[in-house]
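Common to both upcoming complexes is subunit A, partnered first by subunit B, then by subunit C.
== the complex of A and B ==
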């Protein structure tokens, strides 16, 4: 079972080593050695990290490192396109830097650590005894050894005409890493990214409106609101996320496509000159292959992130009523244990009105009560899996840490008081919040925004 | 080995029962201008096609410019044709709806990448600087053949093959084409093998061989 789960991660790692070997053709031994060392360090390090640090801190660290890799790709792609587009940009030192063993070693080591850490996240619960650690270290070492030499064997069989530019190499390596991590919900980058974009758009529009006092302005025609409304939809998050996600690899492809050809003007004989030019063009075209594959992998990673392959915990709502004082009281422990860290859904019905909400104990041992709906989507509700809740409508994953905070596709939080006999919620507030939220998200058109 | 650009031994080509070329041993030194004569059906074109890599022999060995043509793959043979030989036929085989300069650029394209300036220069060298934008139909036979020469040598081949290139030309055009070839050979130093029916045309070469029914029957060195 665990072996099957590991296969995509190991394949990604194999691909990474393969590309690094091609990317640093003169540093094969450095790449092989550091790839094995890096992978083992990644596996063992992440294993310790996830067990020493409580809650989701370990995952947050690994996700941040992945995010930094992605940012690094952004930097590389911008630099690549700039050095192509800008006149008189000297790239000699960059080329020299890339060909040093130090560069090959550090890029490979970092890739190995990240890949190892991602693999480590799929491991089942184990105690961090010395025994287990030693076993983990030797197994991962053996695996990395086999994969590295397999990659070397394959790389030698791939035609020499396939070369890869440094930027192409980085884009493929980062793509494979994000592909590998996107299958683990808590390490996924794309969904949080689109959510952040959405939040940013919301906050921006909100601030803008507020500071400009636009709603009061007589010259704002109503149709303008339709366009402003777009900024509040979930599409803005998705498309913004797509833009940020795919731009670097597209930039790298452009940079390769517009790579300057070697100067052949000094060769007098026409046929010879044209032959060199044709060879350079052909080589450049082949150099596009790796970034193109990276583009496909980025697509696969985004797809995997949008349609994650997991089962969600989604209990049937328990019907509750209010006391005569207008309070809903849910005991901490009854048939269900509110503090077991799982999502517990309730349906409140009164006077023909109803509202769905859930109670959840967050990772920081903090209880939250929220509507089973968010401020922007159709109220399809949430499910829970692997340190996140997911909005069924827009498939956004929300880390448990941020449940209870308002905004974007987060569940709308409800004020409550925690007393000895349980959680107290004001029924009227709940009904009002639900009605407002659902009205604003299903108003007008079918399916909400 | 030697300075021979072409070395054949026992070179044979048969079509079923018909043996178009009987075992032939032929050596052509680099830079030579060889004329090939013989009756119709004597195997001259067969020989040219073999040497030019357009056809594969049935038996024997064939080395051109150091390359063993029998050992080359289809891709290798295509590359050999692209880079090492230029061919001129009796018919011009030009694309009728392309201009002269575009026809030359076609050859560049199949070899590597087109280069218009270079194609123009090549046409100027064969004396067609004023006919660059004309289509083949608007050119005289001699002019067409000169475009073909420009096209054949644009990729700097080591070997230029002509299969009765002057067969359709009048005396004046023939002399012009021959003079042009002589001039270009002096500059570019390629080897010429030219099939002809015309004794006068053959006399432009250094050596003439006579084929009869696929057999080399006679060889004659020109006194220069």
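== the complex of A and C ==
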């Protein structure tokens, strides 16, 4: 099972080494050595990190590194398009830097470390004993060695005319890293990115309207306000996320496509000029292949993020009633066991109103009662998977350690008392809390400023 | 000192300054977003409070202004070259520059280029040819727009002040300085415009003798004593009188209630008592807007703790009495919650929007249909010619013409050599 889970990560790693070998054609030995070393360091380092740091901190660190790689790609793509678009922009120092062994070694080592760390996140729970670490190091080293040399063998068989630009190389490497990480929901970048974009769009529109003194919805036609309301929905998060996700690789493709052709003014034979230009255009087209493949990989990663191969635990809410004193009492153990670490959903109805909530035993062995809704999204509810709960509306992952704490997309916590006979919740508080939350989030999502 | 000045000059005119500064603020936003949900507002606050960040942000308009100057100088220099008034040319002003080893006659060339649709201008030592219209005006408009946008953001962030107050009929306008004229009337009417559904006007009497009467609308916002008047929400200023059997004294208060549109509730707390009033504007029976007509009825709920004692409708100017409770609204007036905003950055941002629009409208047809293509041939001594070419579009076609022209020179050279031989 583990081997099956590892296959996409190892294939991504193989692809990364292959691209790096072609990207640094004069530094093959450096690429091979640093890639193997980087991969082993990544596997062992992440293994230790995830076991030494409790909770989600380890995952946050690895996700942040992946985020930085993506930002780096953004920087590279902007620099690439800028250097193509601007007359008189000198990039000679950049070309010289890319061809140094230090650059080849650094890029390869970082890529290896990230790829190794992502692989390590799929490994089952094991103690970080010296023996286990040594075994992990040896196995990952052997795997990296085999895959790196396999990549070298494949790379030698690819035509020499098939070249890759530095920006194309970076885009493909980052695409493969993100594809690899998108299959692990706690390392996924696309969904959190969409959520952040949604929040940014909301804040930006609000600030923009206030700054430009644009009238509030009271004075604007409602049909028009509905269009403005689109900017507050999750669709803007998705499409904005797509824009940020794909733009760097598209910029790289544009940079390659619009590379200036060599000057032929010094050649006086028309046929020779055309031959030279045709060769340059052919080379340019070949350099487009790698960024195009990167584009496809980015698409696959986004798809994997939107439709993860994970089954969320999402039980049907059990209808509960209140006692005459207005309390909802849920026994610790009946048909369900509140302390089994799973999310248990309940539905309470009173006077035409209803509230959905769940009870969950957290990793610190403490019960928490929360609304099946957060303070910022539409109340689509939560599902549970792999040490997290997920907000179905914005796809944000909430680590189990933070469930029960208010703020952001966390489920809204409800005051309760834990007694011998079960969990006691005040029915009126629950209904009021649900009504307030749902009213404010629905208004926000449907166009309120 | 000279080096420092040169460095500053390079920094200001560099094409990389703006992207780097924007990238920095983007990274700052991402960093802030790690720690707070309100990343944008926090970042704006950070910039306001930090002189370093303000200085960094001010690099953007400065850089763009320097770029406008630099590009204008380049444009003028290029024009001088084409008119033959410049002494020599800089190869970086062109896409391609080549020096030919022999000096062919330029005479036949002018007719040929004329025939290809190029306009030509010949001087003693040079021939320039061009076709199409330069996108330079669009470029200047665009850069000016960017300049205005960043300057507007900077000015707005650093200098914006905002003061919120209720504008009430019959009461002086609550300006930050406190010396606004009396609001004579607030009118809300239906609008037939495509964007605004309502028109609001607040008629303000002169504050001092000699001042003009002012009518403040919705958009564009009116300026009053240096501040933009930005109406936010509508409501009612209500004189509330309340007495209950268990209250020693009656309660009277001028309440500012944000209760527009009809049905929206606002609370009035009765101090030192368990009572609370929930007041909303009642829908009119005929479908008209009570705020517009001025015929207002108020729906009131009286709560004691969380328990509702009774609910009923009270007409503006009327009262409601039941079981020893009395609720009366002897006075009610239209009210607009209004922000008084002093922000000159807004003007720059509006200007930027106009400049971007103008730039786009100029750029699109020129770039698609009449991009500028230029050639310049300058004789150097008796046996050299320098050929330069530059395009703003349709590169392939122009490149073909340029190369064929050079071929023609070469053919002329060979022919001449043969004749001489």
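By definition in this document, the second predicted complex is superposed on the first by the 333 of 449 C-alpha atoms of A that agree within 3 Å, B and C clash if a C-alpha of one lies under 4 Å from a C-alpha of the other, contacts with A are read in each partner's own complex, and residues count from 1 in each chain.
Throughout what follows, contacts are C-beta pairs under 8 Å (C-beta built on N, C-alpha and C of every residue); 3 or more make two chains touch, one makes a residue touch a chain.
Here the structure is a predicted model, which is why all the values come from computation and not from measurement.
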item: First, second, both or neither for A:134, with subunit B first and subunit C second; value: neither
item: First (subunit B), second (subunit C), both or neither touched by A:200; value: second
item: First, second, both or neither for A:407, with subunit B first and subunit C second; value: second
item: First (subunit B), second (subunit C), both or neither touched by A:275; value: first
item: Superposed model, subunit A: greater residue contact from subunit B or subunit C; value: C
item: Which of subunit B and subunit C A:82 touches, first, second, both or neither; value: second
item: Contacts of A:53 with subunit B and subunit C, given as first, second, both or neither; value: neither
item: Which superposed partner A:364 touches (first subunit B, second subunit C, both, neither); value: neither
item: Contacts on subunit A seen with subunit B and repeated with subunit C across the two complexes; value: 270, 273
item: Subunit B residues touching subunit A - in the complex, by the definition given at the top; value: 83, 108, 111-113, 115, 118, 122, 154-156
item: Touching residues on subunit A, where the partner in the complex is subunit C; value: 67, 71, 75, 78, 82, 86-89, 196, 199-200, 203-204, 207, 211-216, 218-222, 224, 260, 263-266, 268, 270, 273, 376, 407-408, 428
item: List of subunit A residues in touch with subunit B within their complex; value: 269-275, 277-279, 281
item: Footprint of subunit A on subunit C - complex, ascending; value: 15-16, 19, 23, 27, 30, 33, 37-41, 44, 92, 95-98, 156, 160, 194-198, 200, 218-221, 228, 230-234, 260-261, 306, 341, 343, 345-346, 349-350, 387, 389, 399, 402-404, 406-407, 410
